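Multiple structures follow.
Two complexes, one shared chain (subunit A), two partners (subunit B, subunit C).
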Partner chain A sequence: MTEYEFFIDPSRCIGCEACKQACTECDTHRGRSMIHLEFVDRAVSTQTSPVVCMHCEDPTCARVCPADAIKQTDDGIVQSSIRDRCIGCSNCVLACPFGVPHYVAAIDQMVKCDMCYDRTSIGRKPMCATVCPSQALFYGTREELERLRSETPVNDFRFGNQRVRTKVHLMSSPGADDMDVDVMRFMAGAEPDVRIEELAVWTEDSVAARS
Partner chain B sequence: MAIPALEEREFIERFGPTLHYGPMHGGERPKPDTHVRTHCCFCGVQCGIQLEVHDNKVVGFEPWEEFPVNRGMLCPKGVKRYMQNGHPDRLLAPMVRTPRGFDATGWDDALNRTVAAIHRIQARHGKDAFAVLGGASMTNEKAYLLGKFARVALKTANIDYNGRLCMVSAGAANKAAFGVDRSANPWSDIPLARALIISGANVGECFPILTDYIWRARDNGAKIIVIDPRMTPIARTADLFLPVRPGRDSALANGILHVMIERGWIDREFIEAHTVGFDQVSGVVAGYPPDVTEAVTGVPASSIVRAAEIWGPAETSMLLHARGVEHHTKGVENCRSYINLVLATGRIGRPGCGYGTLTGQGNGQGGREHGQRTNQLPGGRDIENPEDRRFIADFWQVPEAEIPHTGLTACEIIDAIEDGRIRGLLSISFNPLVSIPDADRTRAALGRLEHFTCIDFFLSETARYADVVLAGSLQEEDDGTVTTGEGRCVRLRQAVTPPGEARVDWEIIVDIARRLGYDEQFPYAIPKDIFRELARASAGGNVDYSGMDYARIEENMGIFWPCPSRGHPGTPRLFEGRRFHHPDGRARFQAFEYRPPAEDVDAEYPLFLTTGRVVSQYLSGNQTRRIGPLVDQYPEPLCEMHPLSAARIGVADGDPVRVETRRGAIEVPARLVRTIRPDTVFVPYHWPGPKSANLLTNRALDPVSKIPEFKVCACRVRRAGASADASGTVSDD
Partner chain C sequence: MSASSRTANRYFDPRAFRIGAAAAGLVLLMIVVGSSGLDHFDWALTTYAVASVFAAFSVVYRYAVWAGRPPTRMYLRRGWQAFRSGRGRSGRGARLGIGALGGNAARLGRLLLNNFVLQTFINRRSVERWIMHAGLSWGGMLAFGITFPLVFGWVHFETLATDAEVYRVFVFGFPVDQFHVGSFRGQLFFNLLNISALLVLLGLALSVKLRMHDGGELAVQTFADDVFPLLLLLAVTVTGLMLTVSAKLLSGYGFAFIGLSHAASVIALLLYLPFGKLFHIVQRPLSLGVAFYRHAGENSPRASCMRCGEDFASGAHVADMKEVLDQLGLDYRFETGSGIVHYQDVCPACRRRIVTLNQGAALGR
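So, the complex of A and B:
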């Protein structure tokens, strides 16, 4: 079977919200969008970023869930919370390094992207990537992607001490193989005596000192 | 006298806009009986979409990935367009005005009233005293029918359409430069271009699907130049962004061409062999060196030079523009100034090389081809050309002398209602109260009509002024064709039948024609009959559809005109072989000295006001302001302004501001963004009533195209509630 993968390139996003609107139309989503779209800072830029679940290999949201409400399927899709189990505590919302899950007070439950499991599990594209007019959300084969684009797909992320590998890829500059989202990673090289773990402690201390 | 009989609150209670959230809201979607492959009802991209139908209602959609233009892609309007069906605001029966508002009536009663009013007004005031307004959201079939109806059944010269607010500057420029009015290239040429100029086109919000085409061009190495007073989503990552001062486009194009000529980046061989008028152009643009152009346009001289460096020597290129350059009292001049940039390089009529104007309305292309324009007959024929008149007179079997000549254009029709020259109006697919500049004058004019019949599916703000409202059809309730912004004629398929007593639009028009005594001239049983006739009427014309039929269009997923015979494959790319459509085969250059907009900024009104769309709303909003999820996305108009200009009047993000022009004032929240020129504010125009941007805009018209100047006028802005003394007049420093 052809291996379809999900690639996100926020630099292409035009903020139209077709993804969000289409997400509500997926039959199992019952009229609710499981994804969101963020303006990075509308006051200074029209830059937006669609936020779909990255589907981590070892999902932090599921790890921190006290109710065991977030399940991962055998094919690596991290499901939204199970209604009967979710206690609405928002641990997952706080813990997710990508800011994916959101708590919906009206139903006292966390909801997040399940990559349109009813569609993708039978070989169809997820709703958001199908409609995305800028193809910032791209769902296709790696061969197709490489033929069309020069950016590099990355699915290995470092958040300080935490390394996360994901099923979904983020497009990065040509040649990149992983993506650091913490400036400390770049400080570590300049301060050879300081190991990354210590930098983390140092940061927490300084935060504590300020407050 | 057509004055609304109800209070605003009562209108809203009875006719909406009600926010509709569709069958998914709080429940399950019924399982569809069928999927109907058709097209979106909104913009000129005409995305393919599958509508899910259950029990004669559209209950959802599925992407149609096989349709080659959008391949399943849709914008939020396309995703939610199905929610206009089964809508609680839908008009279900014809209505007549009573002191209580509107009462439902039977079709005979309603149509007899319309016909009696036509007879009465035309007998007393002449044929032209009864006007017709149409729209470019209508199918080709309806556009043709309405034009024929006006000329043959009403014999009025005064028929025009809402494309007069949209495409006419580009159309006139195309006709003058190339001898034909159509995008020169299919959109599939965009990814093949190595340089793109996108001018006055908010692609990401108004033609979202074309974004993918533009990014694919960039993936292939294209350099992208965006020209706009606002850093729109498509401008954000452009290689070069030229933040032009509103109303200065022709000067900017002249400035870029000046540098190209100076550096020798023009194709002299092409110019010599295939064009006329370059000497006049080089003479004019000689007066626009970068420093002079900078002073006029507000674009740095270095950026003007850089634009010429990217555009001039490029191997392949496409130039795309839209309303941003067209909505001006020199809209045609702006378009022709940009066309000069294309002709000077000779890069047109081959893969990845050409020019296109991005059509705003669903049938913005086809709607302007088949005769609902006041100056045009079917097949893109000229109503003043004796040969064209004779052809159509013979075809319709009427004496040539009986075919009216050019009448008034859309805004002029409103003016003529205001001053009493026009007494009666039939309108369809047009909401002028929201969409025409200087809305207070439009409102007063509608109140002066002796008779107004409006065909509509929802009661638009304009329809509130009608004496007779005829419940017509939504796009998905009828069969037909539309022609997309790239010139591709595609098939709309009926998904459901009109609810209640509502009827399909074309039947209503035919019924009125028959009641006026023209049975023989309007013999149609189905839309296909009208298409066959319009295709034959176009044979040999400038816009030739004569080789098309429904089956061929469906098989090919659309056919590009000209398509002059059954075996003809259609013409995706114009001007191959470098032959243009003027009799001598040559394209026409013409340059223009810059002249200011009709109303420029001054000490009293120091800021430019420009208007446009947002991605989640469409035109006057008669459809999209009723679709809940689209309203939630952008609920009300905001005044975009730069923090620098906001600081001078003490306004913070979200504060209510009063935007004033010489014509009116509105109060809306401010949105402070660094993505707009500090001398300019932007307000989207989709809303009626006290927040309507068109209370502010200037009904000054381009002398050729008669398009109004939506994109620039002078305004002042202050905090709502602040006294006029503290109006924050911005000094010239």
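So, the complex of A and C:
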């Protein structure tokens, strides 16, 4: 069986927001986008980055959840919160090393990317990857990827003393084995809140639109 | 550390076993005491009583395992502290002059009313979902509210010596009420279980409809967690209603067999409680703790991101997360030239940017 995998290369993102729009079509969270589209540093560049869940092998979000509301499927997908369990505490939001989960005040729950489980569990591509024109979000086989790209996918991250392995890959320099996240190098020069992401989408209206 | 907390869910937990056994013992004791030394215990209902004792054990066992997980333990503790402490002093309690605890008690009442009785938060998702959940939860609560006291012998009926049509109601052996079987009250009393069954059926029908039409629901539901409990509830309600149909309309046809099926389905439901979806009934009250914790956090020092300076959480929450991560054996500390940096001090938005910036740097872009 062909093994499809998710490969992300934020450096290719052109900020077109197609992924965000497509994400709102997904059945498991209709009307809401799970993607954080981030201006990386608006003061100095137009670089944007689409952030989806990396589907960690041992997900920190699930470990810190007091309500046991985040489950991992047998195929390694970390699901969004189970609605009758999630108590909206935001532990997962605070703990995820990639900054993925959203807390939605209107329904007092966490929601996050589940890699379009309704689609990927039956062999389809996630919505965002089908529409991404720059292929910053690429869902396909490793052979396809190797034909198209010279960079190497990594799924082994180090956040200080913590090692995190993920199902989703990030494209890194050719030959790289892992990514040792450097926090100090990018500490300076940040300005507060330059997100262009979800806030407008998370209104009471859009919540009411979801049945 | 990390191994033990991860495996806690999978392996036998002696502490939880002791707590579960104590709970089962307590239920047994309450049966014996409440039924005046089994004098009013209805031996025809013994299987239900035995299943209840088992259910008490298994639910409490599972709860104790769950409550022992570091993040859960933290919320139980902090929620309770926030409830008792004066941190809510700026709230309505102070204005009304009833003190912090009084204010918190009033707040608790409001939360209980909104979240547990009226379940308004579900209404915000959709009215249909709210009706579904209201039917299932109120029907279920009503049914258990009637069944347990009867099964435990806390409530029993006796007919008057002088008039067999008049029932007297005894609670814990004391007479509290009496009514004529034909009276409205009598009919209501004897049909409460049927009413609860109809409520549950309404909820079940809507739930099946929502599940069949909601692609998202279909994608993430599992048989054991989501579908099986609905089937169990269906079995309980249908056999329960059939008892009435058999007694009232079919002059008792098949009553014994239906009674047995009903007992079997109720027992299966009780024993299923600690697994799957229904466990949220006992888990959910933790949300009260979260509400108090959040309220306390709003009125206390905030945490600002060490990268962008944005206020992103309460200081207490960030500090507690660091502690919980340590207890879980997760270490997001960076040893840098300028000292230790904890990733918890960087806001989620900046974490997203930092990963992207690292990726860009790796590619030289």
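Going forward, the second predicted complex is superposed on the first by the 182 of 211 C-alpha atoms of A that agree within 3 Å, B and C clash if a C-alpha of one lies under 4 Å from a C-alpha of the other, contacts with A are read in each partner's own complex, and residues count from 1 in each chain.
The rule is short, and it goes like this: contacts are C-beta pairs under 8 Å (C-beta built on N, C-alpha and C of every residue); 3 or more make two chains touch, one makes a residue touch a chain.
Please read these numbers as outputs of a predicted model, since none were measured by experiment.
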(request) Look at A:K125 in the shared chain and tell me whether it touches subunit B only, subunit C only, both, or neither; answer first, second, both or neither. (result) first
(message) Which chain, subunit B or subunit C, ends up touching more residues of subunit A in the combined arrangement?
(response) C
(request) Considering only the touch criterion stated at the top, classify A:E17 as touching first (subunit B), second (subunit C), both, or neither. (result) first
(message) Once chain A of both complexes is superposed, is A:D27 in touch with subunit B (first), subunit C (second), both, or neither?
(response) both
(request) Based on the superposed arrangement, let me know which partner A:G160 touches: subunit B (first), subunit C (second), both, or neither? (result) second
(request) Considering only the touch criterion stated at the top, classify A:Q47 as touching first (subunit B), second (subunit C), both, or neither. (result) both
(message) According to the stated criteria, A:Y117 is in contact with first (subunit B), second (subunit C), both, or neither; which is it?
(response) second
(request) Have a look at where A:N91 lands relative to subunit B and subunit C in the superposition and call it first, second, both or neither. (result) second
(request) Could you look at A:S173 and tell me whether it touches subunit B, subunit C, both or neither (first, second, both, neither)? (result) second
(request) Touching subunit B in one complex and subunit C in the other: list those residues of subunit A. (result) 11, 27, 30, 47
(message) If we count contacts the way the header does, which residues on subunit A are in touch with subunit B in the complex?
(response) 11-18, 20-22, 24-25, 27, 30-31, 42-48, 125, 127, 130-135, 148-150
(request) Quick one: which bits of subunit A touch subunit C in the complex? Just the residue numbers, please. (result) 9-11, 26-30, 36, 38, 40-41, 47, 49, 51, 60, 63-68, 79-80, 84-85, 87-91, 93-100, 106-108, 114, 117-118, 121, 151, 159-162, 170-173, 176, 179, 181-187, 190-193, 195, 204, 207-208, 210-211
(message) Taking the touch rule as given, give the residues of subunit B at its contact with subunit A in the complex, in rising order.
(response) 21-22, 24-26, 28-29, 60-61, 63, 65, 70, 72-76, 78-80, 204-205, 208-209, 211-212, 215-216, 219, 231-237, 615-616, 629-630, 633, 643, 653, 671-675
(request) Would you tell me which residues of subunit C are touching subunit A in their complex? (result) 5-6, 66, 69, 71-72, 74-75, 121, 124-126, 128-129, 210, 214-216, 218-220, 277, 280, 283-284, 286-287, 290, 293-294, 305-310, 313, 317-318, 321, 324-325, 328, 330-338, 341, 343-344, 346-365
